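Paired with subunit B in one complex and with subunit C in the other, subunit A is shared by the two complexes that follow.
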Partner chain A sequence: MFLLLLLLIPLVGALLSFVIGRNEASAKSVAIASSLLSLGVFIYAAAQFTSGSTEIFSFAKPWIASAGLNFKFSADGISVLLLALTSVLVPLIVLSAADKGREKSNVFYSLVLFTQFTLVGVFTAGDLFLFYFFFEAALVPVYFLIINWGGENAPKSAFKMFIYTIFGSLLMLAAMVFLYTKGQTADLEALKSTAALMPAKVQMLLFGAFIIAFAIKMPLFPFHTWQPNAYTDSPATATMLLSGLLSKMGVFGLIRIALPMAPLAANEYAMIVTLLAIVGLIYGSVIAIKQDDIKRLIAYSSFAHMGLMAAGVLSGSVEGIQGAVFQMLAHGVNAVGLFYVAKIIFDRTGTRSLSQLGGISQQAPVLSVLFMIILLGSVALPLTNGFVGEFLMLKAVFEFDKLIGVIAGLSIILGAVYMLRLFQNTMFGEVKDSQLIIADVTGLERLVLVIISGIVLIMGVFPNVILKVSEPAAVTLLDYLSSI
Partner chain B sequence: MYPIISLSITGLLTLFLGFADNKKLVFPLSILFLLLALGLSFVDWNAPGYYFNGMLAVNNESIAFWAIVIVTAILVLSLSEGFDRIEFSQPAEYLAIAQFSLVGAIMMVSYNNLIMLFLGIEILSVAMYVLTGADKRNLRGNEAAIKYFLMGAFATGILLFGIAMFYGATGSFNLDSVSDLMQEGSADALFLWIGCTFMLIGMLFKVSAAPFHLWTPDVYEGAPTIFTAFMSTIVKTAGFVALFKILSSAFNGLGEVWAIMFAVVVLLSLVIGNLGALSQSSFKRLMAYSSISHAGFMLLALLGDHNNALSTILFYSLAYTLATISAFGVLLVVSKERTENGRAYEKIDLFRGLIKENGFLTAVLTISMLSLSGIPLTAGFWGKFFVFSNASGSDFFWLIIVAVLMSAVAIYYYFKPIKEAFDRSGELSTIKINSIFKIIFGITTLGTIVLGIFPDLIRSIF
Partner chain C sequence: MSLISLIPLFPLIGFLINGFGYKKIPKSLVAPIGIGASLLSFISTVLVYLEFKQSEETIIQPLFDWITVGGLNISFAFQIDQLSILMLFIITGVGTLIHLYSKGYMSHDEGYGKFFAYLNLFLFSMLLLVMGANYLIMFIGWEGVGLCSYLLIGFWNKREDFGDAARKAFVMNRVGDLGFLIGIFLLINQFGTLEYLSVFEQAKALPVGDIGLMFITFCLFIGAMGKSAQIPLFTWLPDAMAGPTPVSALIHAATMVTSGIYMVVRSNVLYTLSPDTLEFIAWIGTLTALVAASIALFQNDIKKVLAYSTVSQLGYMFIGLGVMAYTSGFFHVITHAFFKALLFLGAGSVIHAMSDEQDIRKMGGLWSKIKITSITFLIGTIAISGLPPFAGFFSKDEILAHVFEHNKLMWALAMLGSFMTAFYMFRLFFLTFTGTFRGTKEQEDHLHESPSSMTIPLIVLAVLSVVGGFIGFPEIFHLPHALSEFLSPIYEGSRSVNPEFGQVHLSHSMEWLLMGGSVLLALIAFAAAYMVYVKNKSLPVADGELSGLKKVLADKYYLDEAYNKTFVNPVEKASTFFGNVFDTKVLDGAVNSLGSFTAILGKASNKLQTGSTRFYLLVMGMAIAAILLLNIGNELVDGFFSMFKAQIK
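Here is the complex of A and B:
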């Protein structure tokens, strides 16, 4: 029942903000109210979930009876954590979207809330095609956010993103149709028994189709070429949605669909995917070091981080999956924070070029401190949220293959290099344009950044609260995989 | 059966209405006539049976298709506002011909005898030849009509030849007795195969499947937009049902002959339709190639399990019809304001900047394009899904892979109009839409989305 609420609140919110949000203020207040309401409902339900009633997020109703498809939703610990990420980030993203003079703001906020609706659907779908339905539908609102409110090249980048992801999703659809025909059901739980009995060759093909779809979404090397452009040319809100939430659909899909539906192939592919992940990790980090555009830099760093998550999931150990799940949350929060800082800097200075920025900390000390905290989270400093996930995943990758583990470890150093360079070139150094008066963050901006940096620290100090929620799900998944 | 009679009579009446002094009555009365036919269709609901000595078979499935065809006609013809325009200098004639064409369509979806199939196809086709050339002063329209007529007549000839061969092999025109004969396997095989092949060629031509598609782009482009919409929806739907009926009864047991042929046709339609659409700059030509590719998809559904094929075709053609009416409707509204050399300007870049001028039309166009490309939340997605799940049981899973890859290609060209519409650099003159258009667009767009979320609404009819 609570799940239905979590789905309906953003949907109704989207409709409401479309209908009554003729001006920016009312559309925004509808969006804030709706996203906070979702958060409230989620917190209440999550409290029940962690205290033992794990059925709280389950919901099932016949949907397409003639084809045997159901509106079936269910959530394990991993889904609940991703729901948490969605419920926390969407209000922050809405709050951060305070632009004056935006055209058609009712459509804008309604698209943001609609994205939330599809994300909740993806993270809790218990039916193969329901998952696909939301997975692909999530792209549509973001596409329109980008082409309508993005920069000059936005239509082109958005289109590239759309073609890439649709291509992957369609391959996944073919694989799903095949599974569905073989198993005569689309229920994810019931399909496991069919999937486990498939010949290894077939499973290899299925996994191949799934991994391409999810690799494009994450993105994983070499399917990442849409990502820097899309992140850079999108409006800040769409970038936050993409990097903070939509990219997690890829990793989640690996855990929820690819591993259970092609268990035999997971081991076979683990090496290839891990290698690609590590190549992407190093490649993304090196390119990030050379970037001049702040948004591009964060985009490449985001791409580098996503690779490690895929490697962690496929490492076949509890630490790997746990680390990937934790890192999904951490990276979601950090990416939103970093892109928000990039937007704040751009709003104040009119540029995102590192060579033209500098000395912001003199005029905006609060911004500088909050930026530092979020940035350290991204660098994976101990006691910040980035550390726990990276550490667990590196441990898992190291156990998987020592050499790869060592190379992956390098990425932490590289991460520190590009992140600290970002900080140094923006906050310290000479003021390039002495005429420019940079106001410090106040009001809403400060609130959002304080909340994000607060989460960065709390997650870093008390990781066990989160790890405990996802552990049973990770153990169940691995037990299932090893039982094949 | 009743709609056939009523449409024949009201069609004649409409012709005579053309002599009346007050021509304004013709249009509302024609819509009324169509509504009457729609109402009469349901007289036979839940009362399956045969008419005219077993020439026509009526059951709930065929009634559902009658209803779809008639409702489509109502929706499409309602878009024909402004009879003062050139192509509508004789509104009574065109409306009468449209009603006659429906008689043909209805015969095609409920024939039980090959003679009836031929009659239905001929009635529908001759009407379409005339409507294609409805705009008498338009050279391209005339050229299209001649092309369509010559090639169409040829295709019908082949179809008739096929029917004759088939008769030679089995000694009957009746679908039921033919399928009994096939079960016994006592028919002359060579005649049967040639007849089967020729009949399929004739019918595949009508649904514009490759390699019998060459007329499609020219005819779509040349015909007045409203009749392009008419053609791409009604003719297609009727054609596919006719194909299904013959495949599932008379050709039952000939699977090894037509299935391979069909697989090749599906492959060609998907590849030619989608790759051909990529480079089009005219919106109507784009829709023509898209209709070829959709023909490929619907044929794919026929390859699989026959028990579900009919409801898949019903759903797919409904989804396709709704989206196509929206697309051509928006084209009609927008292109009216823009002319080039005295003709409506119908390039894709016509839509540039539509978002600034009219958000509603942009939404209608966008949703129709999304549905055609099969994005979830629209009916088109489920159309594709049902086709895939229908065909996945057959020996042709590789065709599904081709179809999937081609769907990815299709995104590219379906997004062209969307990108243009959201391109704010364009300047459009003021667009006025009257309330009938708004209602029609409301129905098609809402229908697309509702079917996109609850596809079972339609599938549960059977």
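Here is the complex of A and C:
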């Protein structure tokens, strides 16, 4: 029942915002109200979930009964956490969107809410084809956000992202239809027994198809080249949605689809995928060091972080999966925070070029402190949210293979290099343009950044609150994998 | 809320008040809050000590479970025992004095409130480091002090080079931290826990020379090399002098940089079981002590001399640890905290008096002008030079005696370093305080003794630098070694795995001889410095006029340049290449050509002109077609698979 509400609220919100939001203010109000309502419902539901009952978190209605297709939504601990991420980030993203001079606000907010609808669908789909539908549908609103409100090169970047993703989806759909015809059902739970009995070579193919689709979505090396451009050219809102939430669909897909549907192959492929993931981790980190555009720098950093998550999931250990799930939340929050700071800096100075920035902390100390906290989360300082996930994932990768673990560990050094450079070149030093008056963050901007920094610290000090929610799901998955 | 938790809580509260109230709290309240937080923490330490003294039993204070995953549970817990008590006294005691000093030193700075907030945050992190009951809590503090160090080195961050120094410190520390982290992974792997008591208990069952332990202790020591500025990770510390002087005294002399020594002493069972690691530590220490001391001979910035001196003294502490004389190494941590904090604060007072001048070639003759600073600085100089009965003599002599027993060559090198120490310190003293004033007229008119908030800490530290050594008399004096008796329980594990542990086989006459030798050496160094800089009144030449070995030393063996060449430049080049060429041209180029091929195909077959949404439908159609193909038969799958398999193999 709650799942249905969580799905319907953003959908209705999207429609309402589109219809009645002709003037700018009301569109945003609808979006805020809708996203806050979702958050409220989620919190109410989550309170029930943690108290033990999982029943409320599933919902099924036959769709085409003869074909074994159901409208089935269900949520385990991992889904619940990703729902939490979605429910928390969407209001923040809506609040952070500035309306100054925007046309067609009703469409804009409608698309944002529609994205939320699709994300909830992905994270709770209990049926292969529902998953596929939402996975694909998520791309559409973001695509339109980018081409309509993005920068000069946005249409080109968006188109590349679109084509790239569809290529992956094609493979995924093929694999799904194959699974469906073999198992005569699209129910994810029921399919497990079919998948487990499939010959290893078939599983290898299936896994290959899935992993490419998800690798493009995250993205993973070498399927990432759409990402830096898309993140950089998109309007801030779309960048936040992409980096904070949509990228998590890829990792989630690994956990929910790729591993359970091809358990033998997951083991076989673990080394190759881990290697690619760690190559991407180091490669992205190294590239980030010399980037001049703030958004591009954060984009490469984001890409690097995704690599470690994939490696964590494939390590086949509870630390790895738990770390990756935790890091999905942490990275989602931090990426939104960092891209928001980038937007705030750009709004005030008219540039995102590090070589032209400097000295902002003198005029905007509050901004610099909040930026620093989010940045510390991103460089995984203990007692911030970034540490817990990285610690667990690095440990898992290290157990998986000592050498790869050490190489992956280099990312904590590289991360400090590029992130502190970002901070120093924007906040420290002398102001390059002495005429420029940089206002400190106030009002909504401050509120959003304070909430994000608060989450960074709270998650870092009390990670167990989150880890406990996903642990049973992670253990169940591992038990299933080891039982094959 | 227990008393133990209050120790780190007060600085945290102080940080929050001054941090959130930045620009709102009146300036007159900032210092009392900052100093008060530190003082309350000190008082709590005293109370905890009194409670602890009743039973002398290790106290574990669990707060909550921090990270629980699978079978691994890391609790947020504090441990109070002899070792943490001593560290707490140093941190909160010396910390409070330096907070007090900062009240005067930073009084004209616009970032006054920010400074006290950072200092409190540092205390909090440092306290976590020494109070944690497991390696991950230590790691919180370990990285936390690194952050505070970064913030405080870059305190005057308008200057770009100061910002660079801060970043260098953080990144170099991170290199060490990675080693530490890997050590932690190995610990979990071997013991299934990170809690000290459990790890050490389990370790006692392992044989000496256990290979797993060797890796663990080695990796943890890499962390110590970063934090405690040992070769090859020491070059950040001299640059860290960009921070305000109280920071240099507190963080980069008395407390943070000694974390590495604390870590080894804390893990003494593990190290006792790993003689190879210990040997490595001893040699790294020796090398660092020598290299840093030799660089210090040719530095002319008063703080740089002290910075290299710190690196060198940290080397001595590690020599002590390396020869399994843990208490001696730790003894030097204590005495060094007194005299080096004193010297740095004295240097700060000099800089204050000299209107921010730091070049000793432009000083001279300050003895009569700033009496308290001069006398206390002289005390610090004598103490570090190892002249009896001042503090440094006792701790250094104890280390040297153990080294002599361990390895004669190492001992000779350590003596050489000790000679250089006495020389460069007296060189520094003479150039600064004796002779004639070489600064500008304006500076001379402005010369003044510092306010009492600065001189009181100097006096207290000077007294401690005189008497601090009395906590550890040599055996031959027939007086008690209070420190060694107090610390004895923490070596219970080391004693049980190594029956020889803590036994000295030197004859008394030999010990007298060694002691006499090192005192004589220090006196010769003093005399030499006196001859050169007082009698002959010679001055260090201007930068760039040195040649040969002297130039190499003055230029710090070109280590920074070497690091830039071998690490920084290649990574930056790789970054540019990957970012501007490989990623955009090669990888993305390949994708683009593939993409345009598809687009042409699409256009030709469908006259698709209106954009991507229709193309999307087309692709979906293609997907369904592909699926039908796939379902024709398993043969096809098999064929495809064998092709694929051949590819990945």
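Operating definition for what follows: the second predicted complex is superposed on the first by the 482 of 484 C-alpha atoms of A that agree within 3 Å, B and C clash if a C-alpha of one lies under 4 Å from a C-alpha of the other, contacts with A are read in each partner's own complex, and residues count from 1 in each chain.
Note that a residue touches a chain if its C-beta (ideal position, glycine included) is under 8 Å from a C-beta of that chain, and two chains touch if they have at least 3 such contacts.
Small disclaimer: the values here were computed from a predicted structure and weren't measured.
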First, second, both or neither for A:Val88, with subunit B first and subunit C second: neither
Contacts of A:Ile298 with subunit B and subunit C, given as first, second, both or neither: neither
Comparison of subunit B and subunit C by subunit A residues contacted: C
Which superposed partner A:Val406 touches (first subunit B, second subunit C, both, neither): second
Which of subunit B and subunit C A:Lys104 touches, first, second, both or neither: first
Partner chain in contact with A:Met309 - subunit B first, subunit C second, else both or neither: neither
Touched partner set for A:Val177, first subunit B, second subunit C, both or neither: both
Partner chain in contact with A:Asn148 - subunit B first, subunit C second, else both or neither: first
Touched partner set for A:Leu119, first subunit B, second subunit C, both or neither: neither
Touching both subunit B and subunit C, residues of subunit A: 159, 162-163, 166-167, 170, 173-174, 177-178, 181
Of subunit A, residues touching subunit C in the complex: 143, 159-160, 162-164, 166-167, 169-170, 173-174, 177-178, 181, 201-202, 204-205, 208, 222, 225-226, 228, 272, 283, 286-291, 300, 317-319, 322-323, 359, 361-362, 365, 369, 376, 381-383, 388, 391-392, 394-395, 398-399, 405-406, 409-410, 412-414, 416-417, 420-421, 424, 427-430, 462-464, 467-468, 471, 475
Partner subunit A, residues of subunit B touching it in the complex: 311, 355, 359, 370, 375-377, 381-382, 385-386, 388-389, 392-393, 397, 400-401, 404-405, 407-408, 411-412, 415, 419, 422-423, 454-456, 459-460
Interface residues, subunit A side, partner subunit B - complex: 63-67, 104, 107, 129, 132-134, 136-137, 140, 144, 147-148, 155, 159, 162-163, 166-167, 170-171, 173-174, 177-178, 180-181
Subunit C residues within the subunit A interface of the complex: 19, 22-23, 64-70, 72, 136, 139-140, 143-144, 147, 150, 154, 157-160, 163-164, 166-167, 170-171, 174-175, 177-178, 181-182, 185, 188-189, 571-572, 574-576, 578-579, 583-584, 587-588, 591-592, 595, 598, 612, 615-616, 619-620, 622-624, 626-627, 630-631, 634, 637-638, 640-642, 644-645, 648
